[in-house]
Amino acid sequence: MKYDVMLCKIIAKKQLTADIFDLTVEAGELAKAAQPGQFAHLYVPGKTLRRPISICEINRAKETLRFVFQIRGEGTAWIAGACPGETLDILAPLGNGYSLGNTRQKAVFVGGGIGVPPLLEAAKHFGQNATVLTGFRNEESVILKEDFEKNGNRVLVATDDGSFGYHGLVTDLLNDLKFDVLFACGPSPMLKSVCKIAAARGVPCQISLEERMACGVGACLGCACRLKKDGREFYGHVCKDGPVFDSETVVWEG
Amino acid sequence: MADLQVNIAGVAFQNPIIAASGTFGFGREYGEFYPLSTLGGISCKGITLAPRPGNPPPRIAETPGGMLNAVGLQNPGVEHFIKNDLPWLKQQGTVIIANIAGNTPEDYCQMAERLSDTDVDMIELNISCPNVKQGGVQFGTSCSGVEGITAAVRRHCKKPLMVKLSPNVSDIAEIAAAAESAGANVISMINTLTGMRIDINTRRPIIRNNTGGLSGPALLPVAIRMVSQVYQRVKIPIIGMGGISKWQDAVEMLLAGASALQIGTAFFTDPYAPVKILDGLQEYLDKNHIASVTELTGEMIPWQP
Amino acid sequence: MADLQVNIAGVAFQNPIIAASGTFGFGREYGEFYPLSTLGGISCKGITLAPRPGNPPPRIAETPGGMLNAVGLQNPGVEHFIKNDLPWLKQQGTVIIANIAGNTPEDYCQMAERLSDTDVDMIELNISCPNVKQGGVQFGTSCSGVEGITAAVRRHCKKPLMVKLSPNVSDIAEIAAAAESAGANVISMINTLTGMRIDINTRRPIIRNNTGGLSGPALLPVAIRMVSQVYQRVKIPIIGMGGISKWQDAVEMLLAGASALQIGTAFFTDPYAPVKILDGLQEYLDKNHIASVTELTGEMIPWQP
Amino acid sequence: MKYDVMLCKIIAKKQLTADIFDLTVEAGELAKAAQPGQFAHLYVPGKTLRRPISICEINRAKETLRFVFQIRGEGTAWIAGACPGETLDILAPLGNGYSLGNTRQKAVFVGGGIGVPPLLEAAKHFGQNATVLTGFRNEESVILKEDFEKNGNRVLVATDDGSFGYHGLVTDLLNDLKFDVLFACGPSPMLKSVCKIAAARGVPCQISLEERMACGVGACLGCACRLKKDGREFYGHVCKDGPVFDSETVVWEG
């Protein structure tokens, strides 16, 4: 099995902030097949399109998947309203996740806002070798700090208003660090700046992208993103070629 | 058990459920869920003479009961298809339909000729793509356009020729009649209806191409009406599509006049949609003691005024 | 608080939310929920010269994200409207639009003349009803038809004249331009898209008229696209409609190019829809520091190719 | 208030047969205004059109309304899935119900299948003066017998297969009865035959009709039904002029 559809029972649910929710589901084979950085495509009753949500944590032994997501519209609001005991119709695991490589290397993870959850499972594998830099609007929106720490990761937090941790951009925190490899997920401006820093320092960097999706499996060519390879530019697809890409292959617009 | 087989323009389909062009790629991705022989056929992603990069993103937007797309015919070109996809597809035990689009009538003719020498079972003339600057729908919205291109391709095409119609017209029956008179063997309909969504925060159209094609359940009543109109006008068989997502929709489309069906957007909502539709169709036929699915085609009983 | 008033062809509306013709009768039924002065205006049920019995039932069918109707212009005739409905309507504190349909151009002219001597604020020329045998949409699907009837009615009409367009056409901008050049003061759009549903048990079309007009959310992306096309083509104001059910849809329609909006099917789902849309619109404007709703019209920023 | 929209809490739910459900909701003012034979228009999430369901019982003191309905499609299936504690979005009370007249007259109520529930509230007012004839497919589909009996009504049941009560058409049961007034609700062939009998006996008869509806309040003219008055035929509307009509005003097709 590469991926499949399954009705997954919700076994735990938590509200992390005003609009961010945390769900754990029983996912059987899907959980066993899942890799860090992959995503799931969640059915929402009455909606034509599924909603892509990154896999935040994988428990192969218990065969569970964890999702942390923000309410952005009707789809995510419906998912947030689902309760333990109910089932979600999930298509997973999809896409290519992070290539962890040698987990004894010094890794830095950079996450912005709702871009933080997709990093958790990957960072877990690096344990104490990982420094996790997370950026949020303010103290109220800080999430998953303890979760990363439980993995042995070192966590630094930046907030836009200085109400928690460093006052400023999360990417500023990269300045004082030494690392062999970078992993990032978050808003485009943040990713762009992470890629620039990685290029400047000659460090390999993997970033996770978002795009509007239909099929989620690579059939419809809906989720195009501009990529380059061997100097040639073309449209790849976030759901099949990504969502995680080597920073060098991504072409930024504008 | 009722017979699900249909024969369209001499091509035998093991059942009437065909994957709609552009929603199923070249089959590999959905082949992970079930053997492709589950399907009656596959209409492959629209191909062009030369490879096409497609439109910039975003290409997708959701709408109430449906979606918009403006993929813009991203494809690796006809030669790549013949070399890399067709051989594998032909081993899957299902009918393979090549969906072709071009910038000029010559493009269409050249592709039809090239594909006539291959193993494809049927050629679907896409003159109804609303998402490309040149070609596509421009050939599909006037009778003379449809007649001209169909007749031209007909001369170069040794395979059964299916012409795919656009719903963005005032009188679709007229267009279908033009295709028939020019030598089409089959009509497939409908392609997407042009639509737009706007992001109220950025004030930008959600789709980078500004407009996109509407597909999905929202389209169903329009598709049913148009298939019924065309069925009353032409003698050649119709492959009906547009918003089919349940077996009930499939029955409705057959009753309206379709001999077989394509499903597209339904894959996105539920990859197993064709399996469920086939099961439902089989049960419906058996329960109603209908021996063959072909007995449904056009059996709607219109109300007399 | 942002200003919700709009002025269209010299008629002042206290807000841009107008009840769409045929969904709101002559106002009495929905007047039980809230004062009709809540609305910017009311486009009354389509009226004809003589009373019309309408079509036999069923007249209604549900569709994914929408519905079909084929009421067939049941109405008590223009004189009855003037005598029994208009006086009451004029006391409700909202703009009153008479929606007129006819079998012949003369019918339209005679009604426009008759209504010009009354208190109605505006006349809406319904040349887009898909559910009647004669008249209706037959005038609305060709440029010459639209131009002819608009020019004829213009000569008999002393009120601001609004022409309501059908979406069942290949190029709606062309049709709008024809209406404008013939003297229309306002375009209202879109009427319903022709559709059909079939009862798979009886094999009969659900609607007795066989086909009906599709309205409701399913239609929204088509309406947004068409309003945007027409906005780029004509200078006269557009009253946009088709599937608006939430304030977000209303903002989208304004950005696409509408100066005011009509809502129809949304009343059936939720009689309080206009109140909720107005509240949402007000909040959106205030939050974004937009002083007047008129600042939204046509402010979509299209992507450059 | 004539009618209004209200979010009504479900306070009781029962399953009566394989596909018939029984819901009671708190309906405040709507319950106080309701009359026997009127109906409610129920919102179903994701559906454009509401679903018309007759009011089966009214409790003015407790301000509750009771609905008994059959699963016929997606809308009624959704309503059947709603649970006590949840709310339904209800537009009610709508239409004209039964004109009871003098409740000391001998009344006969004739109900077929899911046409039985709309008679319950009206029959209540006639107590022992009412004979209720109900027809069902078979024993398994018999409903509300005890409910009518609790009102003091005499109940006779007919089934198509003879598995319960009289074996045959419910209308056959009219032959042996004497009555001053008839009330009926059920499938068209049954109603047609009831009307015929009423006309033959010269007894006033009120019947409840169904038609596909949009607005439910008389604004859209969607729910047309052929009526006659003073020898003139015209289209009236089930939601506003009905759903209950004097049998003489109804024109039958065919």
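Just so it is clear, A, B, C and D label the chains in written order, and each chain counts residues from 1 on its own.
To be clear about the criterion, contacts are C-beta pairs under 8 Å (C-beta built on N, C-alpha and C of every residue); 3 or more make two chains touch, one makes a residue touch a chain.
Chain by chain, the UniProt names read as follows: A, D = Dihydroorotate dehydrogenase B (NAD(+)), electron transfer subunit; B, C = Dihydroorotate dehydrogenase.
All of these numbers come straight from a predicted model, not from anything done at the bench.
Hopping across touching chains, the smallest step count from chain A to chain C (Dihydroorotate dehydrogenase) is 2.
On a Cα centroid basis, the chain most remote from chain C (Dihydroorotate dehydrogenase) in this structure is A.
Chain C (Dihydroorotate dehydrogenase) and chain D have Cα centroids lying 36 Å from one another. Between the CA-based centres of chain B (Dihydroorotate dehydrogenase) and chain D the separation comes to 46 Å, rounded to the whole angstrom. Centre-to-centre, using mean CA coordinates, chain A is 55 Å away from chain D. Residues of chain A in contact with at least two other chains: none. Under the contact definition stated at the top, the residues of chain C (Dihydroorotate dehydrogenase) that touch 2 or more other chains are 61, 63, 65-66, 216-217. If you draw each protein chain as a dot and join the dots that touch, you get one closed loop, with every dot joined to exactly two others.
Under the contact rule stated at the top, the pairs of chains that touch are A-B, A-D, B-C, C-D. The residues of chain B (Dihydroorotate dehydrogenase) lying in touch with chain C (Dihydroorotate dehydrogenase) in their complex are 61, 63-66, 68, 133, 141-142, 168-170, 193-198, 200, 202-205, 208-211, 214, 216-222, 224-225, 228, 243, 245, 248, 251-252, 255-256, 284, 299-303, 305.
Within the complex, the chain A residues that touch chain D are 45-46. Interface residues of chain C (Dihydroorotate dehydrogenase), counted against chain D in their complex, comprise 22-25, 29-30, 32-33, 45, 53-63, 65-67, 69, 71, 74, 206, 216-217, 265, 267-272. Contact residues on chain A toward chain B (Dihydroorotate dehydrogenase) in their complex (touch as defined above): 1-5, 43, 47-50, 89, 91, 211-226, 234-235, 240, 253.
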